[in-house]
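Shared between the two complexes below is subunit A, which pairs with subunit B and subunit C, respectively.
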Partner chain A sequence: MSFGPFLLLALMEGMVMAAVLALTAVGLSLVFGTMRVVNVAHGEFFMLGAVIAWFVADHLGGAAWMNFAVALVVAPLVVAAIAVLADRLVLRRLNYEPEATIVATIGLLYILQQAALSLFGPDARPVPAPFELRLQLPWFGWSGYKVFVILAAGAILLAVWFLMTRTRAGLIMRATQIDRDTARAFGIDTDKVYALVFGLGAGLAALGAVLVVPIQQAHYLMGGDPLLLSFIVVIIGGLGSIRGTLVAALVIGLSDGVIAMFYTATLAKILATLLVALVLVFRPQGLFGAKA
Partner chain B sequence: MTARILALHLAVLAALFAAQFVLPSYHVTSLARIMVLAVFAMGYNIAFGYTGLLSLGHALFFAAGMYGAGLPALHFGVGGGTALILGLLAGGALAGAAGLLALRTAGVSFMIVTLMFAQAGYLTILYFAEYTRGNDGFPVPATARSLFGFALSGDRMRYMTALLLFSAAMLACLALVRSRFGRIMVAMRENEERSRMLGYNPYAVKLTALAISGLYAGLAGAAYALLFGYAGASFAGIQYSILPLLYVLTGGAGTVLGPLVGTAVMFWLTDIASGLTSAWLMVVGVALVALTLFAPRGMLGLIRERWAKWLP
Partner chain C sequence: MTRTITTPDQTVLTRRKVVKGIGAGLIASAAMPGYVQAQAAPLKLGFQVHRTGIGASYGRWYERVANSALKVVNEGGGIAGRAVEIVFEDDGTDPKRGAEVVEKLVSQHKVDLIFGPLFSHVVIGSAPRAGELKVPYLVCSEGNHVASGLTNRWTLQPGITDVRSQVQAMAPWVAQNLGKKITMIYPDYAFGHDHRDSFEPAIKAQGGEVIAKIGIPATETSFTRYFAQIPRETEVIYHVMIGPSVLTFVKELGEFYGTGARPEIFGFIDSLEGVDMTAPGLGFLEGTHFWEGQCRYKQADATDAETFYRAAVGVDDNGASLADPKDVSTYAHMFSVWETLFVIKAGIEASGYQTTADRQKFVEAIEAMTAFDFGREHPQGEKIFNGKTHQAFGIQNISKVTDGKLIRVHRTTIGDGLYPDQVDYTTQSF
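Moving on to the complex of A and B:
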């Protein structure tokens, strides 16, 4: 394959990655933006989504597309319920104090990881794609399912945008984000808002995982990379800015796809982590965020 | 007052010395490991417990000590004493360098910056696998595993070396936190703005504290490599940044003996748990959540609050 098509392939693979990354990172960004909570267990919510998708596919025994549709509904709901429970039982009792919540979510990370290991075992589990379709380009064939992932992620992100900017629920969330005390003075139950936002963030990660699991495999340790990449995206995009997060997901997803294809994945990761550290030190508002 | 504090700490050291004659050999080896890890936790405590710097990247400094001692031993045949000093300095230097940048941030940003530095360090070790042997790691050569002509691989010598290093580290820590500088560190933790107003330079104080903390981590990493004879990339992973935090939280942040108590309790707890089930991760997770919820001051913190206000 010559350089042109090779680059095209890298960019297309990067797009798939960017789409899933955007879903996961927007979840993290929503939680941080509204609650000022850095959720270290976010990657485990992603992992749970994937594992539940495998569980559904394995136990339902229906057609692949039906299992997929069920997983698409069940996984985010179950994961969101777990997240709401964690918020009620742990985070709220810590009064969302930033440092304590980070330590607590690290604990949550280990608990969820161990739970997945004990309940589902240490093996990587493949999940069949809902449909088989091969798109034949002049230079290479590409899975039609990957196109579906990009479109589906785009649709979900559009729905999130609509929720945040055009509905009453979104208005309440933004009000809570801007000034929790004033929101409470206006009769908004901020505890409920926090619980729902935490659930929504976790649900988005789970959705991303259900979409990606027919391409990747479900494994109890798979949460590490999405967590790290989401962190990178959220920080480079500017902590708490949804628009910045989307732009950064696109940039990181595409460049990671390209760098990993032409150089080594390790080098790409070293550069990305150092970039994040330096962005936080020298431009805390993010590369795309407005000056605070 | 001071006599009481000194007596308590010397009694702890005496008990540790006596333990090697009483405990079965399996636990003597465990205790040597605990003492080395407790040095690491003590260093973490200087940054986190006393100065209020919650770092998520101390694995970087531990690994700096481990590789700072292990790599020269592997490639240049350096002896044990030199390797130990090189590891100590590597930990301190790296902590100082990381601090120069990371301390421009605070709070959550500081945690993420240190986390990212440690992750970059871990990946760097993997990237230069040609020299570091990457994930497989390497056994530390026998030439480096001896001090003053005594082999460190024997049980007795290993325990005594661990005890010696631990004693030195603990007494230095005690002297540090009871010194003038120790009080300034606590002032940074309690109210940085007010201490700035009183004329202290928070950046310089925090940088010094972090560098001292790095010296401890480096010493612990080097000692771990020499005493147990192995250096590997897994010691640079995120888990080794979380462990000292867990140890310090368990034992009590901001207490001199807390890191030892926390390390011992968590070490034996995970040891027992991994004997019963494979679910030792669960123990770590539940301990972290339960500690932040119910006992944010840790065991010795609780004792100090209730009964012994004089505990340093």
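Moving on to the complex of A and C:
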């Protein structure tokens, strides 16, 4: 393949990765920004989203687009509910101590992963895409569904942005993020805000998974990569900064696409991790993060 | 204080009496001659199974096949007149856990020997521990690591031909029928490296060449970016993938070429093992070719042995479970478990194996074997066994996807896959 189409394909593949990564990482970033909780179980919420999408598709037995639509609503809600429960039962009782919550979410990671293994089984399961469409370009073919993933992720991110900046709920979240005590003094129920933010973060990861599962299959071990990449994105972008997360997701997704295609996937991961190290040394608050 | 237990017939048992009774029983059983006990006790075989992790789809079927073969063995009178039982232990398809499983089977379950693992990284990680514990370790893993000398005298592979031999037997047919400029796509670890390192010299000998080698990490979930590296002048794509994402791999290959012109495609069925051929997005495979150890779809000329085996392991004519047509088996590989159990039977009976003290005699008995005849015990086909390299060599099949089913178009001979010995384990000490 000549250089032009090669680059085009690399960028298209990178965009899909960036889109899903942005959704997943924004969830992680929201949780950290508002609650100061480093959620190590975030990847497992992603995995649960995919597994639930499979469950819906397998048990509903309707048309593929209908199953997909149902999964798109049900999976984030169920996962958010699990997250809210985890917040109530575990995180709140630890009083959101940063060290304690890291250990607690590691525990949560294993509980969710092993529960999925026990209930869902060890096999990878395909979930049909809502529509089968193949784009045939002169040099290569591409899945039309991947275009949909990019558009859908973009729309969801817009909605998140709208929620955070243009609604009262967003205002309350931002207030809690900036100063929890003052927010409480103004009559904001910060416990409720925390529970909802944790649920929202997990729900976004699940949403990303429902979008990606038709091109990846559901598997109980699939949470590892999204977790690692989300952390990379969030650290580079600046923990708690949504704008930074989006920019970093684009940078990491696109560079991964291009580097993986022209060189190797391993090199792409090495460079991304190196970038994290450099950011941590020279700009610990991240590219767009406020100084702590 | 004396606790008393009153039995229904009002006899009073003191604790002292009970303890005395137990003690007497122990002495009596210890005084029994050892051989009586050994003959009565069943043989205990350990099975290292990939029940979870990336090898789970194989593990599920390997466990079923082991149980089916066990049933046949026990119904036929067991091994050397003794009943047989199998202890399954999950290794998570993880080399570190694999070594621990070997340890656990030997020290905790006290098994006579261990068999069954497939994934080469697990075998390579576990074999040294088996060697240290001096327990026979019969692997079903295909990798060249047994015959190459990487393992040890206690590790044997009598149930399946190794990758080097398979690949060497495929090369002439690929060169003559599909093309000579090959791009290889393989998992980037031990098993894939066996493919890479064995196929290149084999195709060169046929006047062909490997023009690109694309290694993909076994845990990869997205593949299109790798396909872009396939050179345009490629005549044949040689693909072999493993792991939970194999369906995605093949689907994306189809999407990548779409309806446009594409090279010939020759794959090892590993890329679709355990996957339904009729899954959406796989239509492009029509007319492509696959290596199969044993043909997944029942062929028109299926033998009695093959039919017997297929029924015994609960697989229908399409290679899926009789209980669930969506549950597709790993048919091309799993015969190795069945055949290995029957080699174990022959080895134990030939060596006069009684207790774990006879493990060395068992290994020597298998090393003395030279061939396995085709039949119900070896339904994949006849094999020759090289006692020096601990490796079996059998026939291979090439199938073409025709109307969505795999139909055999070529069968190799054992001779096609023979190569000079790389090691002589019989010169190594136990």
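One rule holds in what follows: the second predicted complex is superposed on the first by the 287 of 292 C-alpha atoms of A that agree within 3 Å, B and C clash if a C-alpha of one lies under 4 Å from a C-alpha of the other, contacts with A are read in each partner's own complex, and residues count from 1 in each chain.
Throughout what follows, a contact is a pair of C-beta atoms (placed from the backbone, for glycine too) under 8 Å apart; a residue touches a chain by one contact, two chains touch by 3 or more.
What you are looking at is a predicted structure, and each value in this text was computed from that prediction instead of being measured.
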Which of subunit B and subunit C A:H219 touches, first, second, both or neither: second
Touched partner set for A:A57, first subunit B, second subunit C, both or neither: neither
Touched partner set for A:M164, first subunit B, second subunit C, both or neither: neither
Touching partner for A:L211 - first (subunit B), second (subunit C), both, neither: neither
Which of subunit B and subunit C A:A104 touches, first, second, both or neither: first
Partner chain(s) touched by A:R93 [first = subunit B, second = subunit C, both, neither]: first
Which superposed partner A:L228 touches (first subunit B, second subunit C, both, neither): first
Subunit B versus subunit C as contact partner of A:A83, first or second or both or neither: neither
Touched partner set for A:V20, first subunit B, second subunit C, both or neither: neither
Where subunit A meets both subunit C and subunit B, residue numbers: 117, 266
Subunit A residues touching subunit C - in the complex, by the definition given at the top: 1, 6, 9-10, 13, 17, 117, 121-124, 126, 128, 132, 134, 136, 140-143, 215-217, 219, 221-222, 225, 257, 260-261, 265-266
Interface residues, subunit C side, partner subunit A - complex: 51-54, 56-57, 59-60, 216-217, 219-222, 224-229, 232, 244-245, 247-248, 252, 255-260, 274, 279-281
Footprint of subunit A on subunit B - complex, ascending: 54, 56, 101-102, 104-105, 107-109, 111-113, 116-117, 119-120, 123-124, 126-127, 242, 245, 249, 278-279, 281-282, 284-293, 296
Residues on subunit A engaged by subunit B in the complex (per definition of touch): 38, 90, 93-94, 98-100, 102-104, 106-115, 117-118, 228, 231, 235, 264, 266-267, 269-270, 273-274, 276-278, 280-282, 284
